[in-house]
Structure formats: C-alpha cells, structure tokens
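Accompanying notes for the structure given below.
The first chain written gets the first letter, and so on, giving A, B, C, D, E, F, G, H, I and J; residue counts start at 1 in each chain.
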Amino acid sequence: MPKPSLLEAFPNPYPRRDYEIVMTCPEFTSLCPVGGIESDAEELKALEGGAPDFGTITITYSPNRKCIELKSLKLYLWSFRNDGIFYERAVNTILDDLVRVVRPRRMTVTGDFNTRGGIKSIITARVGRTAR
Amino acid sequence: MPKPSLLEAFPNPYPRRDYEIVMTCPEFTSLCPVGGIESDAEELKALEGGAPDFGTITITYSPNRKCIELKSLKLYLWSFRNDGIFYERAVNTILDDLVRVVRPRRMTVTGDFNTRGGIKSIITARVGRTAR
Amino acid sequence: MPKPSLLEAFPNPYPRRDYEIVMTCPEFTSLCPVGGIESDAEELKALEGGAPDFGTITITYSPNRKCIELKSLKLYLWSFRNDGIFYERAVNTILDDLVRVVRPRRMTVTGDFNTRGGIKSIITARVGRTAR
Amino acid sequence: MPKPSLLEAFPNPYPRRDYEIVMTCPEFTSLCPVGGIESDAEELKALEGGAPDFGTITITYSPNRKCIELKSLKLYLWSFRNDGIFYERAVNTILDDLVRVVRPRRMTVTGDFNTRGGIKSIITARVGRTAR
Amino acid sequence: MPKPSLLEAFPNPYPRRDYEIVMTCPEFTSLCPVGGIESDAEELKALEGGAPDFGTITITYSPNRKCIELKSLKLYLWSFRNDGIFYERAVNTILDDLVRVVRPRRMTVTGDFNTRGGIKSIITARVGRTAR
Amino acid sequence: MPKPSLLEAFPNPYPRRDYEIVMTCPEFTSLCPVGGIESDAEELKALEGGAPDFGTITITYSPNRKCIELKSLKLYLWSFRNDGIFYERAVNTILDDLVRVVRPRRMTVTGDFNTRGGIKSIITARVGRTAR
Amino acid sequence: MPKPSLLEAFPNPYPRRDYEIVMTCPEFTSLCPVGGIESDAEELKALEGGAPDFGTITITYSPNRKCIELKSLKLYLWSFRNDGIFYERAVNTILDDLVRVVRPRRMTVTGDFNTRGGIKSIITARVGRTAR
Amino acid sequence: MPKPSLLEAFPNPYPRRDYEIVMTCPEFTSLCPVGGIESDAEELKALEGGAPDFGTITITYSPNRKCIELKSLKLYLWSFRNDGIFYERAVNTILDDLVRVVRPRRMTVTGDFNTRGGIKSIITARVGRTAR
Amino acid sequence: MPKPSLLEAFPNPYPRRDYEIVMTCPEFTSLCPVGGIESDAEELKALEGGAPDFGTITITYSPNRKCIELKSLKLYLWSFRNDGIFYERAVNTILDDLVRVVRPRRMTVTGDFNTRGGIKSIITARVGRTAR
Amino acid sequence: MPKPSLLEAFPNPYPRRDYEIVMTCPEFTSLCPVGGIESDAEELKALEGGAPDFGTITITYSPNRKCIELKSLKLYLWSFRNDGIFYERAVNTILDDLVRVVRPRRMTVTGDFNTRGGIKSIITARVGRTAR
C-alpha cells in the first residue's frame, strides 16, 4: 500500500523566487486491481494479486516553503510495488500526497503507463495555475 | 459495423478535479468503402468488401462523472475491423459514441491513418473547450 | 501545367462540427524554372526544361460544406511533375486552387522543399483564422 | 483463410544475375487462434473468432526464373485478415507458399509481431543458403 | 522466487526446419539482493527486501520439438518480481529453466538492466552454436 | 528513356589503391509501367503514362582506372523521370550502364523504393566480389 | 568580409497575402576573431586569422514587395568564410543586411553554432512582430 | 567553490535590439553534498567529499548593455567541479551570479541533471519576463 | 590518481559457462594533462591542473572465476576525477587494472570521449580473443 | 594547400598492444575545384576559387610506435579550408600524409561529404589489414 508517511521535505533554499522543479521516475510499477484488463484467474495465482503495471511518473512543481526530498520520493514510489490500484487513482493519489507534504505554489503529476490490451494510457492531474 | 453498445463506463474516482486522460490505440483497422483510393475490382473479391485501412486512434478527455472502461474501448475499436468507413466518418463517429457514454467535460479524437496513394491523412475532432 | 480541373470534392459528412483534416504528400516534384539555382545549359538539354525539385506538401484545413477527395488531390499534385514553377508560386497556387474547390473555414498549405545549393526552403501560406 | 492461389509471378528480367529483393509489409493482421494470449470469452463475441494480431512481414529473396508480383502479394497477405493462426505457423506458411510459386535461389520470411501480454515476438524462417 | 514450474511448451509446428524465434520482455523486474549497489538500511524497511531492479529480457532460440508458450513465459518472468537476485544469476537461471523445458537447438538469453550507480549492465548467456 | 550516353568518367587519381566510393541519390523518380500496382485508367490520363514512383539509388563501387563524374550521374538519373520501368529492371539497368562506363573492381546498386499498396521494395544487384 | 552587395531580390508573386518563408543554411562558416575561445598563437599561423567557426543560419520572414533570391543568399553567406566575426555580430549583421534588401513585414535570423570549449551557442534576432 | 569572480562580460554590440542568446553546457559536474541520495561512507573516502553529479546547464538571456564572455563562463562552470552543492542551489546560484555580471533584460537558467536513484531532476529559474 | 586498490571481485556464479557481461559508465571524467588540446595558462589557474575531459567507458568481458563488483567499479572510475591523464593511457590503464583483478577469459575496454577542438576520440583496447 | 608539415606525433604509450583509435572531425571544409558540380562563373567571383564543400573526416587506426597528436591533426585539417580539391584526392591525401607521420599497423580514412546536386558521397581508403 502506498505509504505517504515515507515522504520527507526540506526547506526551499530560494523561497521568494517562483522557480520550477521536474522529477521523472521511469521505474514506477504497481499491480492491476483484480478484474483489470489483462488479469485472469491463472495469472492471479502467480502473484496472489493482479497483473503488474509499469509506467513513468513525472512530477512538476513550483516550491513554496518546502522541496520534496529525492530519496524519500523514491521510497514512496516503491511503496506502490505490490499494491492493486487503477491508473486514475494512482496519479491523483500521488498528487494529493505530495501536495499535503510540500504545499507547492502549483504541481502537476503525469503517469505515462505501458500499453495494455493494445492501448496506452497517460493521466495528468494538477493543482494550482500556471504562472505565465 | 461499429458497436457502441460494447462501450462501458466506470465512476470517475476524482469527479471534482478537472484532470486529463489520453488513450492511444495504434492498432486500429477498418476497410475502405467501395470506390476508395486503392480498391479495385480484383481486390474486392479477396475481401468481399473494400481494401484494409490502418491507423492510430488517440482519445484525450477530461472525465466528468464517468471514465471509459479500457477493455470495453478495445472491443469497441475492434468492431470497426470489417466495416467499410471513410476516415472523416470514423473519427467523428468514435467521438460521438464516446461522448454519449461518458459525457466528458471535453474530448478530442484523432485518427492518424497510414499513407494511401502517397498521401497521409490525420483527422481531429473535438467537443468542449480546453480549460486554460 | 497544374490542372485544378482534376480536383474533386465530396459533401462533408459532419458540416456542423469545426474539425480538422491534415493531408501530407511527401512525393511532390516539379521542375525548377529556367534560370533557377541549380540548372545550367547542359542540364536543361536532359529534361528539355529546368532541373527537378522535390518536396513535401502538407494541407491542413477545416471543412465547411465540402471535403477534398483524396484520389483527385493525388492526380492534381502529379500534374506539377513537368511544370517549371518557383516554390513561392507553387504553394500559393495550391492554396488558391483548393480553396476555390472546397471553400473551407480555414486552410494552410506548406511546401517543405529539399536542399538546393546548400539551402533548404519551407513556404507556408494560409487563408482564414485559427479557431482557438 | 490464407489463399496461396492469389499469388502470381512474372518472369525475372535478369535471371542470370544473383540479386536480392526485399519486400516489407507493415500492415499484416490476422486473428489470434482461440485460446491465445489475450483472448477471452467476452472478446470472442465481438469478432466471432480470436483477438486481432498485428505485425510486419518482411520477405527477402533472390529470384531464379520468376519474381513475386507485388499486387498479388498484397492480396495474398490480406487473405490472413480474418484467419485464426499462430505466429510460428503464419511465418512458415508464407515462406512455403511463396517458395512454391517462385522457386527462388533462397528466401527468408520474418514476422515482427506487436507486443502481446508485455512480450514482443519475431519469427524468422528461411530456405536456401546465403551466397557470400 | 522464480517458478520454472509455470513454464509450458507446445509442439513445434515445423520441427524439421531450423528457424528462429525472438521474444522480448521489456517489463522484467526483480529485487536487488541485500547489500547490492543502491540498497541501504532505510530502503530495506520499505520493501522488506532489497531495492527494485528493472530490465529487458530477450530470448532468442531455434526450436527443436517444442516451442515456449507465450503466456506461461509471462507468468514465469513475473515470478521474479519479489525475489532478491543478482543480474548474472537471473540471466543464467532463465536460460537453464527454458532449456530444460523446450530443449532447443540453440538459445541465447540477454538481460539489459537499467542504470544503477551510474553504470548500466547487459548480461548475455547462450547454449548451442549459431548455425551459419 | 534512360540515356547512358549522359554518363561520363574521369581518371581515378589513385588507381593502384583498392578504395571505396558510395554515392546516394535520394531524389530518384520514374513512372510505373502501365498496369503497375497503383495505376488506373483515370490516372494515366493525367500523366500520359504510368503513376510516379520514388526512391533512393545508392551506388557503391571500388574504382579501377576510372571514376564516375558526379554531375553526369545526376543527369543520367534524371533521364528516368518520365520513363515507365519496373523496379527490378531499373536497378539492373543502372548497374549495367555504370559498369560499362567505369569498369570498376566491383560495384553494388541498391534501389530503395517508396511504399506502394502498403508494401515497400528494396532491390540490390552487384558485380564483382567484396575484397575482405 | 561579408558582402551585402551580393544579395538580390525578386518581386513577391503574392504581395497581398501575409505568408511565411523559412530558409535554412547548415553550411555557414566564418573565423573566430583573434582572441576568441579556441584560438592560440600556433593555430593562427595556419589560417593567418582566427580559428574556424561552423553553424546553421535560419532565416524566417514574411515577404512584402520583394523575396530573397536564393542563389544570391548562398553567395552572400559564403562571403563570411574568411572573415573574423563574433556570433552576436554575425547574426545581427545578416538580419540588418537582409532587411535592407527586401523590407519584409517581419524577419527572424537564428545562428545555431557548433560547440566551442564545451559550450554551444544559439543567437536569435528579429525585426517586426509576429502576426497571430 | 563556485567562483563568480571568474565571470567576465563584453559590451553588447547591438544594445538597442531585444535579441536572445542560448548557451548550453552539457559537461557540468559537481559533487553531491554529504548525505545526498547516493553517497555513503565508503564512497566518501574515495573523493573526500560527496558523490559526483552530472548535468547540462542551459542559459537563455536577452542582453542589455553586456554579453557573457564565453571562455569566462566555461571557467566559472568548471569551478563547481569539486564543490558539494544541491541541484536547487546550483541553478539559482548560477542565475544570481550571471545576472549580477551582465544585468540582462531577462534570463533563464536550467539544470538538467542525470538520473540518481532512478529519478531524473530538471530545475529552471528565471529573472525578468518574456517579451511577447 | 586512479586507485586500482578500490576494485573488488566476487566469485562467478556460473564459472563453467562462457558468457558475456557489458558494463557502461557514461559519467567518466578526468583532467587533460598540462599542455593538452584545450588548456591554457588562464584555465589552469581555475583547476590547478588541466582542463576537464568527459567520456563514456564501456567494459565487455567474459568472466572466468571472478566477476567485477559493480559498486567498487564505480568508486574506481571516480578515482580518475582529478587526475591528469591522456585518453590512450586511461583506456589501457583501466583494462590492465581490471584484468589483474578478475583474470577474465577476454575483456575489451572502450573510452568514447567528448569532442575537443572539434575532434571526437574513441579508444578501444582488448585482451584475449573473441570466442566465435 | 594541405600542409602535412603541421602534423605531429607522440610516442605510443602501449606500443606492444594492438589497440584502436578513432578520431572524427565533423567540421572539415575545402573548396570544390573549378568546374565542379555546383560552381559557376558568378560564384567563383565571390570566393576567388571554387564553391565550398563540407564533410566529416573519420580516421581509424592502430598505432605502432607513434600516435597522432590531436591538436596538430586539427591544424592539418584546417589547412584544406581554402584549397580546391576533389573528394577522392582529399581522402587519399589525408591517408598518405598520416601514414607517413605515424607508420600505423593499419589505418582507414573516411570522408562523408554533404549532398551536392542531390547526390551524397562517401569515400573510404585504407592501408594494412584488419586484425581479426
């Protein structure tokens, strides 16, 4: 199960400047919830859960008082590894968990998931408005 | 013939957030209607219909109350396989069928079709406005 | 000589929706008018005209009542094959000829021509405004 | 069902020279036989057969007395469209059918099939030895 | 733990022809054994084992009497998911397990693993000689 | 009609060394002979001959006493522009014409032609053996 | 020394339409002024001037009454070959020279120069506003 | 330690025109501060500091009275080589140091750093507004 | 100075099989020895040594009794960071140091170094013969 | 005129090992001799010689007693800048000049020249045999 308690923050060294941080994790993996697009009874026996999903998570944010600590983010994303979760829920959960920890000026989370059943999915959710 | 009845929806887990989903299906195939750019009498005998067309369908939408169920989308797109349909009609039909099922905030459907007669075609139709 | 009479249209099946069609023809060829950048007397003897030019023509439009018939477009573009014409004139002529036949909401024609004399040229002309 | 009777040959214009012809068809599609990796009961109802497979067929050969007629090859490959066939059988069948028609000095057939269940397959079979 | 018992074979439909099959699985994941290059005490608490490794497994073989059943291969590769194993051992184990099940004329297994500590590793092991 | 009389040679400045020259012409175009894969009655009226073919010609050779003069090669390849010729014949004709003019130690001609009817063709012919 | 007198113009065939022309010259070369980033005494002896610089010049403009004649542009850009000039000055000089000759609605000149001392430079200058 | 005193400027030759300069340095390296994502006790002994970080620094600015002297920029960026510094601080420091020296109309600094712990980071900071 | 004492080995788990390991390190950096291609007096003051060099080191070997421990390899390559060394010497030194530690059946070391003075260098050295 | 006297060598630090060095110079430029493929009277006035040629020179060799000094190679290649020379002669001249200076075990020089008149040329010459 995702463990938001693993996430840590450190003080933003330039809190007065509105600047941008992009973090990309191409090694995200979770399990498809039972009943998902490619799981069937036989496969479930192998993993005692759903079939594996793979994807790339990209986090873009403008820090306020705090920045996301990189190593804690890695551990947090690892905590989805054996969790059955739909794409839409995974992306929105990561966004909510990160926003709660660092309270950014704005943040976007994108999950770019591998093809399943011949169809590729990309989910994008954001909080706050772009400063242009 | 395309079967919109195959399409299924599931409740959007984050209905209050305006977020975006992109689904790409690079394995779309249908038949060219009789009289299309590359069919002729001899070829029609082989397939008892028009020549095969191939393309990639990309669906981008912001869900409202419902999300498109991935497996049902796959089956719906398969139902064009032995149907004679023009590119313009295929893209607009997919848009109309999906809008009817999930009533999104906005949706764009793009069909990127393989070269025929040395010319490549991309058709894009949308419903609703981009929230920027 | 370009033959606009070869162009044919068919009724737009979704005339009330403002949607977009992109057609790309990477096999456009014409002749450089006498005196152009790479022709000289000896070469002209070979072709009884100017040196060959090659390029990709891309047509992007939003149909109104009529759509461009794909096969007739192919024949129309072939009709430039043995015609001596400057890049600027070719792109603007194609735009004018197509606009006359399908009266689109808006249309853009781009000619992306191969390098001549170490310089590559791209010409873009449009009619109507982008609906954003 | 594959129809080898659609294949036609024409006389090799240079029968005394050992030269090579490569033909690539990126638009091959067939159906997965019932019980294949991604089919299930619900999907079968949609197509009254197995799930669609997609791939690229590449034929490399050195002609002897006859060459493969391009248009007849296209029609022959189309005839797999609604046929349930395993990858291994498809590639070896195409090789056998082509060899029977043109009796080449040597021939290789490769089927490069799209990912199914997260695994991509490439099958290569050949007849005769490379002349080096 | 890897479960070779998940692997299944089916009879080679063309046992007399020496042909080649390549299967590529870009979604292989296992765990780094305790003490591996990027694990440390804090991380181990998250997964109750080592840090995740990711890679692509490619299997190239020439079948004899039997072919590898694709779905069973998928399940077998999934069974490494929560197993702590070194790269060298993983590749050689997969080779040994597959050879035991299908007794091929020859087989090569390559593991192309993601960068760890700024260093990327590719391991290749084979059984039997190339027929050239 | 191809005009081999346009080809010219100049003395090889290093006749005693066995070295290699590769010349690539990506702007080759000819016409499909009447009855070819994509021509039909209506199209023929446009060009008073077959439909246009496009391709890249690559010539690799080791000069003996003479080298191919680049400008004359350009004019020679232009002379195919309005000629109806099959791929197999075009490649072998170019090889024979060039060999006659420069008598190389060895020469290979490859024609890599654009997709027609969804199938791409590459023809390769050679004279003399590779020196390894 | 750059010779703007080499530049020639021809009348714009469509002076009433606001359209766009892009010309790219990947073969620009000049000399680094004495004292530039990679020159030193020994090198200067070789060229009797500074070290060579290489880059790609891209000119984008919307013609008014006149268009740039392609061949004269080529000769003008060649005239920088043995001239010692800084990047910033080269790009702004080309813009000024071209504007003086064709008086465009608007024009942008970009110089994309090869890496020197491990640093790559791109300079962009423009005259007039984009019509959007 | 970064040495801003190494930075030098030269007078902008076109101070009245608002034009743009992009400088890209793909060879930036610094050290990870002690306690960073991949350092541990044993590694620190090797470098007597943190583990090495690598990245590409891109500087985009519109000069006012002064331009950045390229060679001095190279020396300034080299001065981070043996300095322990976090990504966020490095990018903002470079921006502040350059702004102090050349007082540009506007400037953006981006640091695109190599993957650490399976996560890639890009930091972007700017001063002044884009002139559009 | 390079410290071969940092290198560690572990027992090859499959000592009887002749298999292959490729390790790629794209983050190699050292210093150019005084007098190298881009250093000059002013630059040397910045680093108190030569200018930085960057490259990718690739090690391909077939293990005998021992395998190279990945983390120790990382530390060993880091130890070149502040060392002035020519490309040819660096590659041959790495080969000699690694051979001494693991006594492989065969090993190849390649250093692919970044462009200096507009010239890119790749050095490859090997010990033992390829088993084919 | 090319100045072989600029070339310098340094002693090979590993003279007993047969290893390989590849040096690539993508910034080679010379002039086309008068009468070449794209020059004409008007152009010649601009340069007081032939039109500029551009290409990439790649040198692959196995050193014997001496290695090519990188900076001297750069200066030597610069010395072709204002010299009118045919491609075939340039490549063979570079090979001869380098062989004379370092007496390698074997050496290959390749000149990959930019497209002229729509045709691209690559010339390769070598001395000595490959050690395999």
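As a convention for this text, a contact is a pair of C-beta atoms (placed from the backbone, for glycine too) under 8 Å apart; a residue touches a chain by one contact, two chains touch by 3 or more.
Here the structure is a predicted model, which means the values were calculated and not measured.
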Chain pair repeating A-H, as identified from A-E, B-D or I-J when over half of the contact pairs by residue number coincide: I-J
Inter-chain centre distance, subunit A versus subunit G - centres from mean C-alpha coordinates, in Å: 46
In whole angstrom, the CA-centroid distance of subunit E from subunit H equals 42
Quick one: subunit D and subunit F, Cα centre-to-centre, how many Å? 29
Interface hub residues of subunit F, defined as touching at least two other chains: 27, 74, 114, 117-118
When you check every pair of chains, which ones turn out to touch? A-B, A-D, A-E, A-H, B-C, B-D, B-F, C-F, C-G, C-J, D-E, D-F, E-H, E-I, F-J, G-H, G-I, G-J, H-I, I-J
Which residues of subunit E touch subunit D in their complex? 12-14, 17, 19-27, 63, 67, 70-71, 73-74
In their complex, what parts of subunit G are in touch with subunit J? 3, 6, 26-27, 29, 42-43, 46-47, 51-52, 54, 74-75, 78-79, 81-82, 114
Sites on subunit I touched by subunit J in the complex: 37, 86, 88-89, 91-92, 116-126
Given the complex with subunit D, which residues does subunit A contribute to the contact? 38, 40, 114-115, 117-118
